[in-house]
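Look at the two complexes coming up: chain A is in both, with chain B in one and chain C in the other.
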Partner chain A sequence: MRSLPLYWRFISISVRAKTEYRTAFALTFLARGIVWSTEFALIWVLLYTFKSIAGWTAYEVMFLYALQLTTYSLAAFFCFHPFTKLSYKIQSGEFDELLTKPMNPLLYLMCREFSASYAANVTFGIAFLSVCIYRLELTLGVSDVLFLLAVLAGGALIQASAFMYGAIPSFWMVRNTSIMEMLMSDFRSFIRYPISIYPSSVQVILTLLIPFAFINFYPAHYFLGRVDSHLFHPVLAYMTPLVGVVLFGGALLLWRAGVRRYHSTGS
Partner chain B sequence: MQDLEIETWGDGSHMLQASMLYAAMLRCSFRQQTAYRTNSLLLLCGSFVKLFILVSVWRGLYGDNERINGIAYAEVLLFVIVNLLASTLTASAIGGRMGEKVSSGAIGVDLLRPASLKFTLISEQLGENAFRLFFSTLPACLLYIALLGWPSSSIGVAQAALFAVGITGGIILIYQIHYLLGLTSFWTGNSYYIDWFMRAFIELFAGTFVPLWFYPQILLNIGQYLPFRLMTFEPIALLVGNIRGWEAASSIAQQWGWIAALWLAERWVWRKAQSKVFVQGG
Partner chain C sequence: MIEAERLAKAYKIYGSGRGRGWGEAIRGVFARPYEVKEAVKGVSFRIRPGELVGFIGPNGAGKSTTIKMLSGVLTPTSGKVRVNGCIPSEDRRRNGLQIGVVFGQRSQLFWDLPMEETFLLHRRMYRIPSDQFRRNVDFMVELLEMEGFYRTPVRQLSLGQKMRANLAAALLHDPAVLYLDEPTIGLDVVAKAKIRRFLRELNEEKRTTVILTTHDMDDIDEVCERLMLIDRGTMIHDGPLAEFKRRYSEGPEDAADLERIIGTIYSRS
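Then we have the complex of A and B:
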């Protein structure tokens, strides 16, 4: 922990590097904002005629989207670059460099490759959350707000774990960019909608095997005061932080095993 | 290349040679894709998942209703499948590629080639897309239909023919839009945010995610003055018989009107762009 200030330095350097070119930063920020806002608005358009899907109204589905976007972006700050490039680093032998540093290689990687541009996503995610809370006329007490923060943290840990479980197998199978892609982009799109629209087998998978449903679907039950999914126990609405911690713990163990397994390609 | 004057479209034999050249480019980029075979398997799974989610969403939205706004559930299913296939064929990275060429200066070499930059880019893109269509999206759709059944919607020969005409025009229109957008990189450099911005804008008005049948009136009114609904939405409406008779003729006429207008705009922008290259010195 002596090197804590150093990690902070890496992050602030990355932030400064991004904000150095103000116009470029602002335009990227704006472009991303427009893309996310369009996706957000399209959910409203989707439900304009139909009013509800599986008993969820437009703003309730949009609340799911906002939770998903915010937690993804929080995780992507630290995980996007380190883990999408991991298999390349292992193939090229660039990973050697990490092990020569007198620091924890994982923390070093996450902080050095911190990507400040996800600030746009986080900002818009939080804005969308606020819009939904306002339109749904939810009144959140102090404990509710605290729980929301815990849900965001837990969700971010689940998202981070997905990045890690997708990339770490590269230590064993050198060519493996696609598992990652599959896990992140394809499976994540399941939770854009309330998972109760899928057959129960898919719901079980999203709860137990790849527990993405804890990112938004289950905690949303708490905030929206829903009791509708008969398939599972109501206690699941409170489990997000725990699921996040357990998954992330597992990901850390896998990372450690991977690093131990690592033999440089020597190139 | 065999002939340096390929670009002069004077007589028939040159035109034939030119189209053979672009067909060869298309085949090359198609074959290049075979190097990524595992990738296409994963893309297949991805398309299958996408289809599965969309069908579940529409099933959930329709609930117990057979028809909403006069549109049958089977027609929406057909829309989802055809739209997925069409979007594979019309995916485009032309804007980004142009941007790279302009900012790296490689555009100078491309302008010297005895082949049109526009058709080179489009042929390469089509080759890639055709590969994805045949080895990922189409198998995913067939697999889906085999497992879960074909949407039972009756389609007449006339509707199918109208669709064939409509979707051809739609695809030409999409490439025309992509290329025109790509040309803007002569002024903006490699600015991917224009791509992003336009993609969002198109998605909102094209009716590719939510068919325009279910749109709020205000968005429809704006969309009426834009070409995007003519890309894939209206051709699919022709297929399911939602647009008929004079309206069908008008839809196709509007398509070609837009293609002509955008083509003129492209000529104009292209002339400006060329002088821009000379100023930059390539």
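Then we have the complex of A and C:
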């Protein structure tokens, strides 16, 4: 990996650019902390009143939430700015710059627009995750910890793919891509709660079509030792890394088609 | 160095022919009507190493499209282009190492940090050996008179200073070809003069081939030796600047006024 120092430099630049405004950086960190903690607390209050949702206790639901937050933030490091700005870059012709560099355009875009401020989200995500593991008295062996890391990686790939499938259509449709982005972020809010509370049609969509359930619902079955989902096969609890890799592979193919299209039509 | 052979580019422009009424609108969803616009209609030329080429033409003539095909951003619809033996749009990574690009006022610098940070990044990206890197940074900083603002965050620089910093960033890896799309647009007289002088000195010192588009005829007069004039996708003139003036002027004193000569040609077309 001769390029490793290059990526490191990209990241360190991004961190330094952020810390140029130290107060703003600290405030962002604080603000996000408050937002996420509030949401976390809301779930707790809700469940304190109702004891459980579809048989899931407070900390079990919060465990779902923590998985969703952590994987989202990991993906957002490299994907939030690159893909929310993509349609603007295509329209304005800024995308040209990517194609004149001696580097893979996708890597360049992800590194160039790397957003250090998601460190706040990742920190809180991992903190919530730890709290849940502690309160649920889960004992994780070495293989469990490794699987947890694989689930986080797979979940991050699913989240990254969602960013990409939402934004890459801008290569074909210059204007109306916000629909796709909305679809993606709205579907994300479904997985705050165990998907078994929804009608089975929604469960099918979240499993097969927009498989966000693999980010938290299915792998949580493994960690929480649950067997209550009769709807689908128990093997789904182990599928997150595979689903992540497959989705992300598809997103890469779509990206390549998009760049080829840009290549031959211009802005 | 650069060989272009019957280089052509056509765009599909969608939606312009759409009529009224629901029938038309619904049909438009499935098979959108489009027109083919030929932006560049088969231009051929050769550029030797170390040439200073000015590329001019009215708005929409095909200048930017051509320069994008040369730099690898766009794939030609037909025809061939080779830069130092490689096909830019197919071998983008190799091509990226041998070219420098500054497109208009689009900045490749990190906004919140001094230009130095972008330079250090480019050092890694282009794998520039450290002694060559140091030599080139010194060369650029001195020639572009950037000592005063080398460590100032880019967001605080003036337009002219930013343009100079962008030029430097595009040249640290000693590219064989430098593409400039309107490098002096929006700059004041002094800033323009600095950039023109720099381009000449760069060319003398490093034999860098420079291809620039512009609407400012002083750029051409003071920098370029060769002039290519494109209009409606066709090359109207390609040759030494002096020859161009001789051919199109109406007398020896008129020859000094490039602006007027070009104006006459543009308005005729």
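Here are a few things to note about the model shown:
By definition in this document, the second predicted complex is superposed on the first by the 256 of 267 C-alpha atoms of A that agree within 3 Å, B and C clash if a C-alpha of one lies under 4 Å from a C-alpha of the other, contacts with A are read in each partner's own complex, and residues count from 1 in each chain.
Throughout what follows, a contact is a pair of C-beta atoms (placed from the backbone, for glycine too) under 8 Å apart; a residue touches a chain by one contact, two chains touch by 3 or more.
Please read all numbers here as calculations on a predicted model, not as lab measurements.
For chain A, the partner that touches more of its residues is B, with chain B and chain C as the two candidates.
Contacts of A:Arg9 after superposition: chain C is touched, whereas chain B is not reached. Of the two partner chains placed by superposition, only chain C is touched by A:His263; chain B is not. By the document's definition of touching, of the two partners only chain B reaches A:Thr49; chain C does not. Of the two partner chains placed around the shared chain by superposition, chain C is the only one that A:Asp96 touches, whereas chain B remains out of contact. Counting contacts as defined above, no chain A residue meets chain B in one complex and chain C in the other.
Across the interface of their complex, chain C is touched by residues 5-6, 9-10, 13, 16-17, 20-21, 93-94, 96-97, 99-104, 263-266 of chain A.
Chain A makes touch with chain B in their complex at residues 27-28, 30-32, 34-35, 37-39, 41-42, 45-50, 53-54, 175, 178, 181-182, 185-187, 189-190, 192-193, 197-199. Interface of chain B with chain A (complex): residues 38-39, 42, 45-46, 49-50, 53, 56-57, 59-62, 68-69, 191-194, 196-197, 199-201, 203-204, 209-210, 213-216, 219.
Remark: chain C residues 9, 11-12, 65, 68, 71-75, 77, 89, 92-97, 99, 101, 103, 106, 108, 110-113, 117, 120-121, 124-126, 153 touch chain A in the complex.
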